[in-house]
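Below, subunit A partners subunit B and then partners subunit C, in two separate complexes.
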Partner chain A sequence: MNKQISSILYTKASCVIRRLSTSSSRCRSQPQPRAESAPQQLVGVVGLEIHAQINSNTKLFSGSSVRFTAPPNSLVSFFDASLPGTLPVLNKRCVDAAVMTGLALSCTINRMSLFDRKHYFYADLPAGYQITQQRRPIAVDGTLTYCFLGGKKRSQVIRKTVNIKQIQLEQDSGKSLHDDLRSQTLIDLNRAGVGLMELVMEPDMSCGEEAAAAVRELQLILQALGTCQGNMSEGQLRVDANVSVHKPGEPLGIRAEVKNINSVRYLARAIDYEIQRQIDILQRGGTVQNETRAYDSKSGFMPEPNLPPLIVYEDNASLPTGIDACQAVVVETIRKVLPELPSVKRDRLVQTYGILPEHSFTLVNEDGLVDYFEAVLKVTKMGPRKVIGWVIKELLGHLKQQDMSVSQSPISPSALAELLELQETGHISSSVAGQVFQEMWKSSGKTALQIVQELDLGLVSDTAQLHSICQKVVDSNPDEVNAIRNGNKKVLNKLMGLVQKETKGRADPVLVRAILQEKTLLKSDC
Partner chain B sequence: MSAFGLVAKRGVSPKIIRPSFNLLTNDGYSAASSFLQGHNTNITRLLSSQPHNPKVPKVATWEPASEDQLPPPAQIPADLVDKLERLALVDFRTKQGLACLEKAIRFADQLHVVDTSSVEPMDSVLEDRALNLRADAVTEGGCAEELLQLSKNTIEEYFVAPPGNIPLPTKEERASMLKHSEL
Partner chain C sequence: MPYFPKFMVISNPRPLPLTSHLFLTGVISRAQPLRQSAHGFLNRCPITDSAVRRGSPKQTWQRAGAAHRAKVAVNLKGCHISTVDMLSLTIREVSSALREGRISPTELCRKCLNRIKKTQHLNAYITVTEELALKQAQEAETRLLQGAPRGPLDGIPFAVKDNFCTENIKTTCASRMLKDYTPPYNATVVQKLLDQGAVLMGKTNMDEFAMGSGSIDGAFGPVRNPWSYAAPYREQTEAAPDSDWVVTGGSSGGSAAAVASLTSYLALGSDTGGSTRNPGALCGVVALKPTYGLLSRHGLIPLVNSMDVPGIMTRSVGDAATVLGILQGLDVRDSTTVPAPSSPTELPEDFDVKNICVGIPKEYHAPGLSEETVVQWSRVADMFERAGARVEQVSLPHTQHSIVCYHVLCHAEVASNMARFDGLEYGHRSAVDSSTAAMYASTRHEGFNDVVRGRILSGNYFLLKQNYEHYVEKAQKVRRLIADDFKRVFSSGVDVLLTPTTLTDAARYSDFTQEDNRTRSAQEDIFTQPVNMAGLPAVSVPTALSRQGLPIGLQLIGPALQDKKLLSVAQWMEQRVGFPSINDYGDSSESRNNNGMTKREQTSAV
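Right, the complex of A and B next:
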């Protein structure tokens, strides 16, 4: 984090302007310009266009299968190959998915929406156009509320919102494999025609961290809804960022697009890099080049003549008589089956278990961690606030170190619960528990009890033994004892440390402290 | 387009009326109007097996709109021509091509004569129909071999296309390319 040097500027009117760090209003990752530059600082403006592959069995307008890996061109129907004489037939599941996603993002669902053709030439677009919803999409005007951990120690949950301009249904294109060596492109149409939800976000974000947090939240929402599996590395969630810089209050600058990002982490870095690049250019007095392609200039659209308007009904009461249930998309029905969204889940965890919001945030943010946490709680008597410490600091810490997911953890919830029980019932001290955890991590399968027995780590509560060890320590550290008698209580901890060293950390700390206090005070009585 | 539209029929005689863009009238009108006004208006259906429907007039009754009813003729700047060429991937920068484009636009300008106030544009003749929704079950696909047979160039179940998208050369480059090809 850049520490801001507060600088004092004198304007012509000789009033003093003190520029202070404003990291609360702007992302910390943005560097501070030099003091000599203009009083107003350049800030980044980020808008996202997200393409989410709809989780359905078949494609948007044809009955061919949707799968990530399959032999090339084996999941292609005649329509997908755009052979003449074929027509699009809309997949109801895709409409349901789009409506559900729109509802989860507080959008207005358009009762009537239209399909268009967007024309451009590319080898993986066999028809020469993509069927999309540019004029009237299925959902408009929503909001995405996202959070990230900020503040000095990254322990404060910062909440922000970004407006969603629209959600539209559209076709995916096929895949091109470029063979530059032989100057050719290999085309696989398996992905051609798969249903996508394009989510257009307003440029309400100002840096990579915010964009990454927004995408992460969207990922969690889509996964909770089941409308998209959200796997960025498999291309199920594709993010394009439009980045520009400007001085607050002034018009927006030239946009540059950041594309082809396949992880949330890289998204943040790529955006920040672009913001910095543009700031550098502008500070040197240059101008940002707009490198958009010809077909981005909003032309090549025409209505799709083969598809009538898509009508969505508010509730069962508004259905026309005689309509078949499988032909009707009813918003109320979909609203009723909306699952618990991540933000609601976070609040529920805080309410139910009394854990801190930032812990709840971390729990929900990590795939499978909530289930792990709740599984441990079921089997142990330890309170949730203590368990959360173990789950986040020890378990998640170790997982992150080795870049593992929760499902790959060598310690199962029940195994961890057993370890926690041993601590709760006083069989081992808390420091020993940490040791045992490390051992369990390394030798997967061994229970906590086994390790404690093998390495003889059980708590020593035998008072006679403890007394003699404490006596030994007191006798061999007269200076420290004197310091304690003179009022320096903190030195007691040093003696405790020595006792623990003797007992290899197996002494009951409460007992040791009591014994040492007794012994040191006794001496002074003589 | 359909005013010209006598598609060639079988056993055709030299009576085919084809659009002739070389026929310029001095008021800039498309050739057909003057052609139909002055010349043979006897459009008969050749080799038809059905009797003539009385609802269809025997003689064309269409009259072209007069020049004062039309908006001013569209000017097509060179940039627009370039953009159109880029979108359509068609070269039409020749004198003939541009004249054809202008006449086509002029012909379409006649649509402005129609009063469309408070009438929604129709973009599909299906607008009153219900959109048919399909159940999410696999019913197609698995015909890679059949599809690949349609392509001249394939490699191991992939279609082969030229590399990437070769960007269209700039206006100046293309103008010089055309000049060279015309030589």
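Right, the complex of A and C next:
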């Protein structure tokens, strides 16, 4: 009996090895069905649970302030410390934020939602339970459309959609700090009771890159809404991923959790690592262990008896008499103030400025870059398609190199606009413009014009001066001149390069070309 | 590095109990929130706007007043009222005595404090706040002398069950877990009484965490029923009161004993399954359980959140109405509170019962109901009928399931509510420190008595994923049926229901302890508990003395938010049943002292 089983397992495992020998953690968006007999590959399946700290002055059920940098236990109300006899009082701001987020993600807003207690003993959970929304969350059934750059050159915008199962309001826990040296645990309750939106994304993603792109898009949406600051390193956005592997068409495999990841980049890596780990296990004939939180398995839920059902109204007309509109959460009112979402912004940028979709993607993905781009456009005559090159290649390139944010750029939009204006009006060549940009980056504060003047980088447009330089070049390069005269026009470029070398790139190329053509007396032109 | 000490340290080595340090240093109190301007509605979760919150206004009652004692003593010279007579008055009566200068608040306060000392054997109080009481009385005196009392309660001594939080005053829940716990805030109902100038005498004894119906299962020992020492009982029973004293009922037995033994004019209890009405009936005081949500639970350490209500114990129905008027209404700190009905709570002096319908639920003829109680029940029903009221038998078919459902719901919520007592932020912490889990376990083992631990254990069993549906959800459904029974009866034209409050009069302690806490609760709460399931108002009115010389109470139950009408009927009844005052039988406490039987008992009292 045992023998039989192990032999079956062995056969299975050996199949897996064969089929998976070429697999990598790289994202395959859609496993292509090949020839009928071709074995199917295992693919990753990724679902996400995202905890977004609500951007609110005060906590979800108490009036204490929310601040990341406060001294330990300085933002703790009686309720937050679970003093006996204290009761939760719901913060309207948190409900507004959840409804707004729900609307932005095309969710159905539940007109009535309920609060529950989820029980588990943990030192940083003072009440012994977390107030959450298990039975009936505030928002359900939404979608998130996200994009990432794919294709061979990674310039193709690939658009995908992930389903949002629900958004629930819940309390954050405190923080435990383990001091192993003195074998003690230190508890900071500043975070205890801060409002969270838990967003549950269905397992519609297949790799780290997709998950990372979805999280990045969500981050942008939350930031645009102002419902969450979205700073992952400060824990304002925390992502847990449920990862499993299976063959398409077959039931999902046993899942494992990847938890507590504090950057989008590591998220992609961690998920891909986990997918590969699971594939490797299966290749070796092993089984994936189900790793779930200990308190999930048995702990009970019960309705939170101190909070009546949360009622959200469709519009002011549906408010029952006697209810103050300021005290009620009205969906229509929130819908009216929804800001421009990132996807809309991208479409608008493509349509308004004629830039490439991938450029709009880059612009929107980078905090503050759209504003920067539009600020430059406002004060320069240079066309948007040329400006986008400067913003993405030069500015963003430099920022990335030094790991800086747009707001930290040493070159302001108006300073860049001034530089581009010099180029656009023919005062400097494009190569000089690049040189000036470098100078500006190094010595911020100096204007483009100052640098051009100081380094004498202005275009040489004096015809007499250019004539004499060109003559010198023609005289000292008889072979090239002959070649040109024999019809090899390309050699003219070499002469032009020599002129530019002589002028340190400042010669007006249009003028130089005309003068050189004249001096080499091209027969074909006659 | 001043960084670490600000954390709470939860496992050894720990040189200082830093968790309590956290609260003592006021780190938390600075962050104390006050939510303003929320409006609660029965069907919606009130919410607050963080933008409109302001800081907590500092209460004023603790401020020291000027000393006017000498002056008052002169003013009151020549007005002699016997101590016990004065102490046995109602709030209304003593309030006018105060206003008329027949007695001063400090004098009244001292009389009560003396009386507390004399009745120490009752073990009614866990903490007596003597100094604070005298200070408050002094302040009340100043106001009265200036002719500016705050209201009908200014200068009136009151007591509070030890499960209501009192700022800077120990609040123990009669548990080792909170033996040394001092809350940093006042429960809303306590604050409201203090704001009215009422004088806090102390915190009263109870069953641990209000889990019980005898006030015998607390860490500070059992409460004795004051009627154990009054002439009627002592004359009827031959046994020595030293061994044959009777229980107060519970769990608010200390509060009932305080009002009955004339040490306070008013006491707060809590009522989850009858914990105010049961001891009220057995100690012969008026005990009101208001409509759920009418009084704030903020600061009441919970037993079952969805059933708990602060209860009011007084010597007259009119007093209960006065106190209700002061305590009721929305509280932004308790989202389950409802606005008070707009009508004034002052009861009409000549309420006419001619047009009311009194329902007699047939299911309340329960096994174990004493013959004497049935007699009183009939007597009062006849009284209503003779006065022209319609008296009808009604049926509450699901009532019989109430106790069973209550146990499931109560234990489940207890398991949840008690989870916070882990020894970290406050309360008892075990010396065991091998791991956090071990510390939790021994803290809770040492801190809770068997009753609490038993309820937590069974509650967690009911809350298990695989059991929740079979126990908790079913119990919730039956709860709905029980509430619907009441609704149906009240919508059929019944104004109030008349029932017994308890099966019998108070049991001897030696008899009571023959059964365990759970069995006792099941028997004792049978008539009171369904009301909590439905959130209705109910009041126990002292009706007569039994053949043993012990009080029998009857209960009136009304529809939700009809508390005033309920009290009007209760007052009509009170005026006609002729229940005697304990004072009619002399100063029992003093006479008992003369018998020289108290020494051992007094020392056993905490």
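The working rule: the second predicted complex is superposed on the first by the 470 of 526 C-alpha atoms of A that agree within 3 Å, B and C clash if a C-alpha of one lies under 4 Å from a C-alpha of the other, contacts with A are read in each partner's own complex, and residues count from 1 in each chain.
Just so it is clear, a residue touches a chain if its C-beta (ideal position, glycine included) is under 8 Å from a C-beta of that chain, and two chains touch if they have at least 3 such contacts.
What you are looking at is a predicted structure, and each value in this text was computed from that prediction instead of being measured.
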After aligning the two structures on subunit A, examine subunit B and subunit C and state clash or fit. clash
Subunit B versus subunit C as contact partner of A:301, first or second or both or neither: second
In the overlaid three-chain picture, which partner chain does A:250 touch, first (subunit B) or second (subunit C), both, or neither? neither
Which superposed partner A:340 touches (first subunit B, second subunit C, both, neither): neither
Is A:180 touching the first partner subunit B, the second partner subunit C, both, or neither of them? first
Kindly classify A:479 by the partners it touches after superposition: subunit B alone (first), subunit C alone (second), both, or neither? neither
State whether A:82 touches subunit B only (first), subunit C only (second), both chains, or neither. second
Contacts for A:117 in the overlay, against subunit B (first) and subunit C (second): which applies, first, second, both or neither? second
Touch test for A:326: subunit B only (first), subunit C only (second), both, or neither? both
Give one of first, second, both or neither to describe whether A:403 is in contact with subunit B, with subunit C, with both, or with none. neither
Just to be sure I follow: which residues of subunit A are touched by subunit B in one complex and then by subunit C in the other one? 56-58, 62-65, 71-79, 81, 83, 89-93, 95, 119, 121, 123, 177, 179, 183-189, 299-300, 302, 305-311, 323, 326-327, 329
Under the stated contact criterion, what part of subunit C meets subunit A in this complex? 3-4, 6-14, 22-23, 27-35, 37-51, 53, 164-165, 171, 173, 178, 181, 183-185, 187, 297-302, 304-306, 332-336, 412-413, 415-416, 418-422, 424-426, 436-437, 440, 460, 463-465, 468, 472
List the residues on subunit A that touch subunit B in their complex, please. 56-58, 62-65, 71-79, 81, 83, 89-95, 114, 119, 121-123, 176-180, 183-189, 294, 299-300, 302-311, 323, 326-327, 329
Which residues of subunit A touch subunit C in the complex? 56-58, 62-65, 71-93, 95, 115, 117, 119, 121, 123, 126-129, 177, 179, 182-189, 298-302, 305-311, 320, 322-324, 326-329
Could you list, by residue number, the parts of subunit B that touch subunit A in their complex? 83, 86-87, 89, 123-144, 147-148, 150, 155-165, 168
